[in-house]
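Per-chain numbering from 1; labels A, B and C assigned in written order.
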Amino acid sequence: MVGLLIGCAILALFPLFSVFLYVCQQGLPGLHVNFFTSLPKPVGEVGGGMANAVLGSLILITLASLIGIPVGIATGVYLSEYGKTKLSMILRFCTELLAGVPSIIIGIFAYSLFVIPMGRFSSYAGGAALAVIMIPTVARTTEELLKLVPVHIREAGLALGISRWKVTLIIVLRGSLSGIMTGVMLGLARVTGETAPLLFTALGSQYWPRSLDQPIASLPVQIYTYAISPFEEWHQQAWTGALVLVLFVFILNLTTRMILKRHAPAKD
Amino acid sequence: MRREAHLGDRIFYLLLNGVALSVLMLLGAIAWQLIHLSLPAIHKFGFGFFSSTNWDPVQEVFGAGPVIFGTLVSSGLALLIAAPISVGVALFLNELAPRRLAEAVGFLVEMLAAIPSVVYGLWGIFVLAPFLRITVEPWLSGHFGWLPLFRGAPYGVGMLAAALILAMMITPTIAAICKEVFRAVPQSQREAARALGATKWETMRLAVLESSHSGILGAVILGLARALGETMAVTMVIGNRAEIAASLFAPGQTMASVIANEYAEASGDLHLSALAFVGLALFAVSFAINSVARILVWRLNRNRGRDF
Amino acid sequence: MSGTRDIVITQTILDAKNINAWFGSVHAIRDISLPVEKNTVTAMIGPSGCGKSTFLRCLNRLHEEVAGARVEGQVLLSGEDIYGPGTDPVAIRRKIGMVFQKPNPFPSMSIFNNVAVGLRLAGMGNKALLAETVEKSLKQAALWNEVKDKLKAPGTSLSGGQQQRLCVARALAVNPPVLLMDEPTSALDPISTAKIEELLIELKKEVTVVIVTHNMQQAARISDRTAFFLLGELIEYDDTSRLFTNPRDKRTEDYITGRFG
């Protein structure tokens, strides 16, 4: 019986090793400066990179963060500091549900909000879709970390004649800054790899990003496009792109874990 | 109640309240927009949309039958594979492994959940699909070819590949929740079982699994919700043909993958609307499933909190 | 509550009148009136759950911050009702400081900032004056000599006893006429406890102290007046020496002789 359980663990971990192995093996040869500095070359030409997609991803993530991070943090603060009202119970439930909405659906939502009125695919649409996806992740982590701040710390602030909003911002929130950072990073990690909601919002492009109201390339969409193409050189690029993406997401996750670990003993 | 709230506090509260309400409304706005976009398709096809098995963009005839079938089969099969493995992993991590090992394995499983879907898809196209085409599918049709499930040409990409990759992707989700559920079982229950002379395995079964039924169910349902909505990896390995086939080797299409595939290049308004209608159905289903699962997990935690 | 009438009070600084408090539907404080004399230490004793801490938290309007909690009655601070209409609880709490059971310095702040934060938020921008006040408060709290070389260190790096004195300094910095203390030594070792007790006797020259304690010896050692609480009611309130030597209520006597609690 014990062997069976160990077997399950191995079986579950096997894909991780396989995926990681292949991504490294196939992706490493293409990983050099060019990848981050050059535009994609037309089929048949050697070299080229995904610089436009890397930059595009950064732009989209920045746009998403501008909305997603403040709204997510504010929601988390509301849930932790005013979390006992009926409204906040409903809100907590809805945040969970929002986190469960398939990202492709969020894509349709952003399409209807931006692409239809503007008449074209754009960075705005892509950024908005990613922002919606970020909110629940950031909110949930913020709420959980603020709840680690003991009630008596808040009361100490109140008893000093500090108003509740200042206690919340200056003592509770600033005291959990590194914790909030983890929420933000988890949110970033989540949206960095998102592909589906970008397919028909940001669309994709073979050129440098020019303006926010134009279609824009992104790393995950580029990987997808190249992966399903029939060209060997593009497959190679897709693997390298995947390697970059995986490394980025892993680093974010690892940093988050390290911060959380340091954070945990300080909760009392 | 005599309480004059501080002015700054009131503004702060209203501000937060506003943001919170707007997040609340976001969910409603998504539903509203989906309904709005689906209206032409709803008018044209009505509820017959879901039973019609013909999806033909060229003829502008749309029925969601094939994609619903594809979604159910791929997710169901994925669940059949992933659920037992996940429960096993969670038991292993929580009851069996020494703390250090459990931490390391738990960390790796979390990383598994962090890998972007498109990377799974890439791996699926170039590693999993060839493996299925060359090794697994010929073997299956050789030995079990009398079953319609394993008949037909081994393409590699198809329903089987989609189900396998989905199983990989939902295992971390189910395992993580099961782990939480098992951890919530009070130590005293395990000790009671041990005191009755139960072996390690019997203890797990009696003390841990027996009292975690609804929690495991919740975890599996959340896994199902994740599988239903999973898009990229499935799109990349399922073969993308909106047909109902008996064989698991045949290409198929899911609700999410048909949107991913066709939305950007949809040929006409009715096509877009039909895709949005599929999206609306997917939204409604995942909404319902997530609600049920959340309530299950919550109620379990609350009951335990009260009893012990 | 006949006992309260016998005390001669010359100058009342804090006067609680007919205080009732609830947690949801639980009536935790039943019609308690208690005048506090200026520049004294007033102790509140009683078995746990008797409402002494809740009553204390009514005195700076902290009780109402708990969800579902409610207060009725009057508390006059130098003649002015802190529950009066239009009174800002935030302003009240600047005048009535509080030290809690567990030392709770703000975790993200340095020693200096812990003491300075109240002043800064009350609008003191003058850095020299700020430093001066911080020094004065830390001296008042008998902590200055131990921390003067490491003011930038985090407040949580201090020992438990030092942290509690830091909390005293933090409360004193905004110069409140009244200081409430909720079992301030129950989490401390005997040496730190002795330090805090010495500190209190010194402090009452400038501040009026109301202290909740479950330690009767402590009440006897440091307080001028003692109030005995039982099941949300004030049973007896008298000069400390009289209450401990010659209690008038049977229940007080039972408690101080250790027959229950």
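The rule is short, and it goes like this: a residue touches a chain if its C-beta (ideal position, glycine included) is under 8 Å from a C-beta of that chain, and two chains touch if they have at least 3 such contacts.
Since this is a predicted model, take the numbers as computed values, not measurements.
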If each chain is a node and each touching pair an edge, is that a line, ring, star, complete or other? complete
Whose C-alpha centre lies nearest the centre of all protein C-alpha atoms? A
Could you see whether A-C or B-C has the larger number of C-beta contact pairs? A-C
Chain A and chain B, separation of their C-alpha mean positions in angstrom: 19
For chain A versus chain C, what separation do you get between their C-alpha means, in angstrom? 48
Between chain C and chain B, distance of the C-alpha-averaged centres to the nearest whole Å: 55
In chain A, the residues touching two or more other chains are 163-164, 166
Per-residue multi-chain contacts in chain C, two or more chains: 90
Which parts of chain B, given as residue numbers and ranges, touch two or more other chains? 6, 9
Chain C-facing residues of chain A, complex: 84, 149-150, 152-153, 155-164, 166, 170-171, 174-177, 266
Going by the contact rule set out above, which residues of chain B touch chain A in the complex? 6, 8-9, 11-13, 15-17, 19-24, 26-27, 29-30, 33-34, 36-37, 84-89, 91-93, 96-97, 105, 107-112, 114-123, 125-127, 168, 171-172, 175, 200-201, 222, 225-226, 228-232, 235-236, 256, 259-260, 263-264, 275-276, 279, 282-283, 286-287, 290-291, 294
The chain A residues in contact with chain B across the complex are 1-2, 4-9, 11-13, 15-16, 18-19, 22-23, 26, 71, 74-75, 77-79, 81-82, 87-88, 90-91, 93-98, 100-109, 111-113, 121, 132, 135, 139, 163-166, 168, 189, 192-196, 199-200, 203, 220, 223-224, 227-228, 235, 238-239, 242, 245-246, 249-250, 253, 257
For chain C, which residues count as touching chain A in their complex? 60, 62, 65, 67, 90-95, 97-98, 100-102, 104-109, 117-118, 121-122, 156, 167, 170-171, 174, 180
Could you list, by residue number, the parts of chain C that touch chain B in their complex? 64, 70-72, 83, 85-90
